[in-house]
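Letters are used for the chains, namely A, B, C, D and E, taken in the order the chains are written, and counting of residues starts over at 1 for each.
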């Protein structure tokens, strides 16, 4: 059974030896992010000339996760890696794989804000509490938050108003559904009235995982308990799915997986409500600095950035997400110390601010958030359509202003699957109505079963859960096995006959 | 090097659904091939000649028996170490190599002291090519050669390495008479000069007899007779050997020995001594007939075939096994082709008697 | 036999017949050529579209409206593609060379030598083909790591130097070489090794060339394993490059850039194939032997 | 002459096989054994490298898993459709190819192209061709419309449509290799036999069935066996078309199932993956054995 | 069916680096093969015999010239429609078919009225197999046969379909004398009975002469002489033909015609009439020598070879082209092998004179 020994910090960083540490990072939406990592590494290496950092870039958290799993078995994990807390829960099943950071954080010399540091690191209390909280499992901290974002709704305000609605202060689901339905009206040629184009998907959600999770949270319905008990499949969920199905049927709603990036539709005037991460804000809006689509396709409209729709506008809830950094255990404590130093370095203001400026991210330290540089950045919202692109800064603001309204889902070994499962529910329902299937109780029942087994929700932790009674073999399996057995009987019979023939001959 | 074959036997599994048991291609062949001699291996198609060669050169493992080269048991030695040269019945030229490369191939296998310099090799190769007159074809690929040309390349390839033992499987079958004679004399000359022990398979008994020091006659894997060519021709041990040697073949009559005379039909054709009265096969060589106006053997004349320097008188006789009797005479002999019968006397040394049951030779006392 | 034959008639119908079959044959060939070429055309087409215009395209266009070579320029500038190409070349050549030796020896043993347990060994070998790569890759990764060969060319190369598929293919081809030649070579005093080298290999050269090229292409495109055992960019191969280009541009899948990279990377392979096509297609000539 | 009897026969053969077996042993057999062991360790966990017992539970689990059964079904369908179709088509094309002179080289080159390119890229192209989006029905649907059919969503639509695309794509991908092998096999048939048959007045069709086919039967059989094995190992093709979440798309293959089990969330389920892999191994082994037995009767070595 | 060859020419591209120009395998061959006759095609290895057969059966396209079967031009007809049967020099048996299937193969090609029932086919096949005595081997594969057996299968396969035209390329080269004689007579018999126009390639002039209605002698693609066998033997048109026919070959002497006498060395050996004085080649057939104590031609005796029914007296003469002179005499002739010289007289009809420059025959007036 996996357990993590706490790490004892060496007295002194040994500067006489060269250390090489590997850092697995993810760059998601922006080339400049890579440059920021690289700059951080160069800067760090000038401070600590005996430490070399090798950067390996991934574009997908899942890939990092897969590779880490593979490397745990061969004891060749990276030193530092960007990750989701969900994943750490799995890494922790190994023996002493991930270094618990509590001791390190509080170490007076090499800890956060420690005396021996060659750079200006934040103190523990300068890290936004909620964010640090997300990185703790079973009472221990296993990662440091690196960046945080949330989701926001990017709105084509022009169209909303054209349809005769005004945006409320806080979006509600009902409002969105209503406006979306209204936007599906077509003219005689089959073009949409609202934009005169042949395509209009009023409401597109990028991450359906988040959609379902946030809806449930807003409804205060079950999702999962802190110790990994799954509550996803409940009546509220069913109710929500029915609603989604209804709107998907009328063409008012679609998802990223089924259609494509919400930004592309929004910018082309083919979508009114696009919900995506704030980390994707630079893609959103008429003046988006980054775009997948060509200039000609852009449509002029006023872009509004709002909090995601709520059921209870008084008590908004939104998810907090974003990468964290964890440190892997190595035989040489000096190496671990070097890794820890680099990890800390990622929390310095330079790195934090530079990175958060690339997208609608928010620095995870109050030290950075409150720094004049960052405040200056925020204040210049809309000055230009590049660094100070208003949609992006508005999106960041959204999280800065609502840190207290954010939540995270419980983390346990298998929580990542549960996330995927909740998204899958939405996807499946949407696909089903597109395929003109009836979404009824029976369908929902089957769907729950399918999704549960697809993501192995019934056996979330194979190492701890025992065997389940599986019941009799399904007929297909029986057919398969008997075919195999039959084939071998025939083969053996044939071979024996051949051998007998040969024997008889000689 | 002398070669000893001891009880050499080779069986192949049978495929014929009706027959059973293995095909015995070579059956307890025991023979000591004298050092430096040229041995002719003769026998009807499928009698095991090629198989015997394959056994000697090591391409087939004997089912039974042993082979000695000199005093060394080579039965289990792989062929590449036996130092034999071989011409295959189907040539087996390397299709991807030119004629020259084919001939050079065995030389390039030499190792150690034997190793030749490039120029020596070329020298040897062109010498070998010269023997069989293929100097003009050195750059062609086998597929661009006529059948006879391919065969000549194969001969050159076998000769070029001056092996200890030379095995030739119908090496001349596709050559015209002149080239055949020339090549066979070249082979003979080389063999004499180098004293390479040579086994020469041929279906042409004239060829076998003219160049072999000894001939071996086989039948269905079993050796029938071994001896000097003329001895075997003049003194066959059984009906098979008598029938096998000689073109046109020996003429076989149903005969009887009665009172010291061989009678065919009603006619007493030859006195024989010391043979008890019995039914016999009487074999008469084509040249054993003497055209005689009053000869004892009267046959109905069918015609006369001219074959270059000789004529062959074709006739029939009710007691003759052969459908046609062929008698050879010099072309200066006149035959009245208009007449219906022709009468012969028989030359005693050209008539052999054989047991009617087992075909063994019955000798006069 | 008294069957009268009208040769003119036969000749005529033969001619007509031939013309019809020819037409049909060409229709088939052209059809398949189109099926094959279309995706390539599409790739080329996409590679000259700009990122934006590609994504803006709602209905795929069959003709580039404003072609650009920017993607090709990007392919070489955004990642050190030249360095990757060199790595790939080393990796490909080394792997292919070692593999050729290994499989030739093995195929020869199966095709020409007789030994106890040959059939069993061969069946076992065949059964190894059935192991999916995905399955062994983790253990292999552990092995290579234990041998301390991560981020080395050895680590890249060693696991792919045998291929049961090719041993099998080569063995089949070796078996087509007439037995007589083996016998002739033996009688000529040729050792097995020399026979293999001087006769089998030249005769089966077309197959060997085929295998070489197939293997080179395989190496050139291999991705999963190289990515796993190297995390040092100085050992990256072009396939990593494609992936990088695909993801690097804007974070999202930059399909046109990726297509450009694919085109760039495929060109050497296509050239390779064109150069050796004659050799590959050369039939095994078995002229010199009867039957 | 040096007598080296001791070094003939088996010893020599094994020496020739040594390098191959060495590499195979380390990189194929040893991992296979590893997998075999995993498949009996219940609930093995990669990260902690622990399990909670040994037994057949993994197999039982896999055999109960509807996704595995779906994968088996998909794989069998894929194999049964693509192997005969691609081999037959390749034979047809190769024969057509070797029966013409003009443009042969050009066609040969074209046909080989798919082998050279990155399958991922081509998969994308296929997806573009078949995918139905909010904007367009895709090229193939356009063609279907032309012939009066109604459009089908091949990528996200009904099962048979997805299967069709997968099969088409797989065939497209495997054809170059098969055409290559078959054309060179056809070219290597000794012309003498054709000559003899022609003189005997044999019709083209009969020459094909009685001479050509038996002569190339070893290569044809090679293609069938490797085709079977290859198709059973299909995975990346499906990913190229339907994305990584194949289970959700209902288009998973056995290897895909293994892969998902290995890398799936929650640290993977290596034991289940191993059990599934061993089952796959058993299936393919069985089919290959049957193939080999059949070949003994119908394959002619010269 | 009569076959007309008109100006038939076949060239192959050359490979020899030194020589240039094409290999002309057949050179303007014009000949009308009479209907129902058996023609023997003779010539040294590589002279174009196989190529000629290939042209007739359509496997090679002529570079020039035309071929008519009867009155129809078949030059462009593909081989499968020509209805010919052929035995290939290299047999070309289908390796994957058993002997029986090989023989059945042509029959299974029959279409329309010609189509045979299964039992008829088997009947015909076993009949054909019987002719060449391979009934026992019907279930074997070609690779399990000896060379001669393979050749016999090839013959059976060619005969079984009773073709309009039968082409035989050295069909008997691998058979032993007896089987050879038998098979050749079977072929002759079938040919006579069915009147199939047959072309028979052989290097064995005795064979060619004994079964052919006419023989064609070729040299380097060019036809030298066409005629009845004995005519060609008795009256060769040039030195090549004279040298080519006859085993042992003709003996060629440097001679001179002086005053109506042929002189070899110093000895006037034969009177000749109507030939102006000139240097000549004098060819003497082996049977043209008469052992005579006081014969004009004195040769140094090398030895005597016994060849079954004859002896061959081997000697040398300084003016003889051949290294060895072979004279054939009946074995009853005694030769004193101890003596150093042997003296011959010459038979006039066996001596031919040829122009020293071009080898053309010089005829007496």
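The rule is simple: contacts are C-beta pairs under 8 Å (C-beta built on N, C-alpha and C of every residue); 3 or more make two chains touch, one makes a residue touch a chain.
Since the structure is predicted, the reported quantities are computational estimates derived from the model, not experimental observations.
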Contact steps required, at the very least, to link subunit A with subunit B come to 2
Which chains make contact with subunit B and with subunit D at once? C, E
With contacts defined as at the top, give the pair, B-C or A-D, that has more of them. A-D
Any idea which chain sits dead centre by C-alpha averages? C
Report the inter-centroid distance (CA atoms only) between subunit C and subunit E in whole Å. 53
Subunit B and subunit E have mean C-alpha positions lying a whole-number Å distance apart equal to 21
Per the C-alpha means, the centres of subunit C and subunit D lie apart by a whole-Å value of 15
Please work out the Cα centroid separation of subunit D and subunit E, and write it as a whole number of Å. 58
Sequence positions of subunit A contacting 2 or more other chains: 70, 73, 199
Would you please write down the residue numbers of subunit E that are in contact with two or more other chains? 78, 81, 83, 90, 92-93, 95, 143
Mark out which residues of subunit C touch at least two other chains, giving numbers and ranges. 58, 138, 178, 192, 285-287, 290-291
Taking the complex as given, what residues does subunit C use to touch subunit D? 21-22, 25-26, 28-29, 32-33, 35-40, 42-43, 46, 58-60, 101-103, 105-106, 108-110, 113-116, 118, 121, 123, 125-136, 138-140, 143, 158-159, 161-162, 164-165, 167-169, 172, 175-176, 178, 192, 206-207, 210, 214, 217, 221, 239, 242, 255, 258-259, 262, 265-266, 269-270, 273-274, 277, 280-287
Inside the complex, what are the residues of subunit D that reach subunit E? 192-193, 195-203, 206, 210-211, 214-215, 300, 302
Quick one: which bits of subunit A touch subunit C in the complex? Just the residue numbers, please. 22, 27-31, 33-34, 54, 56-57, 59, 67, 70, 73-76, 78, 199, 261, 264, 268, 290-297
List the residues on subunit E that touch subunit B in their complex, please. 12, 15-17, 19, 42-46, 49-51, 89-90, 98, 136-141, 144-149, 151-152, 169-170, 173-181, 203-206, 209-210, 230, 233, 243-249, 285-287, 305-310, 328, 330-331
What residues on subunit C touch subunit A, complex-wise? 50-53, 55-56, 58, 138, 141-142, 145-146, 150, 228, 231-232, 244, 247-252
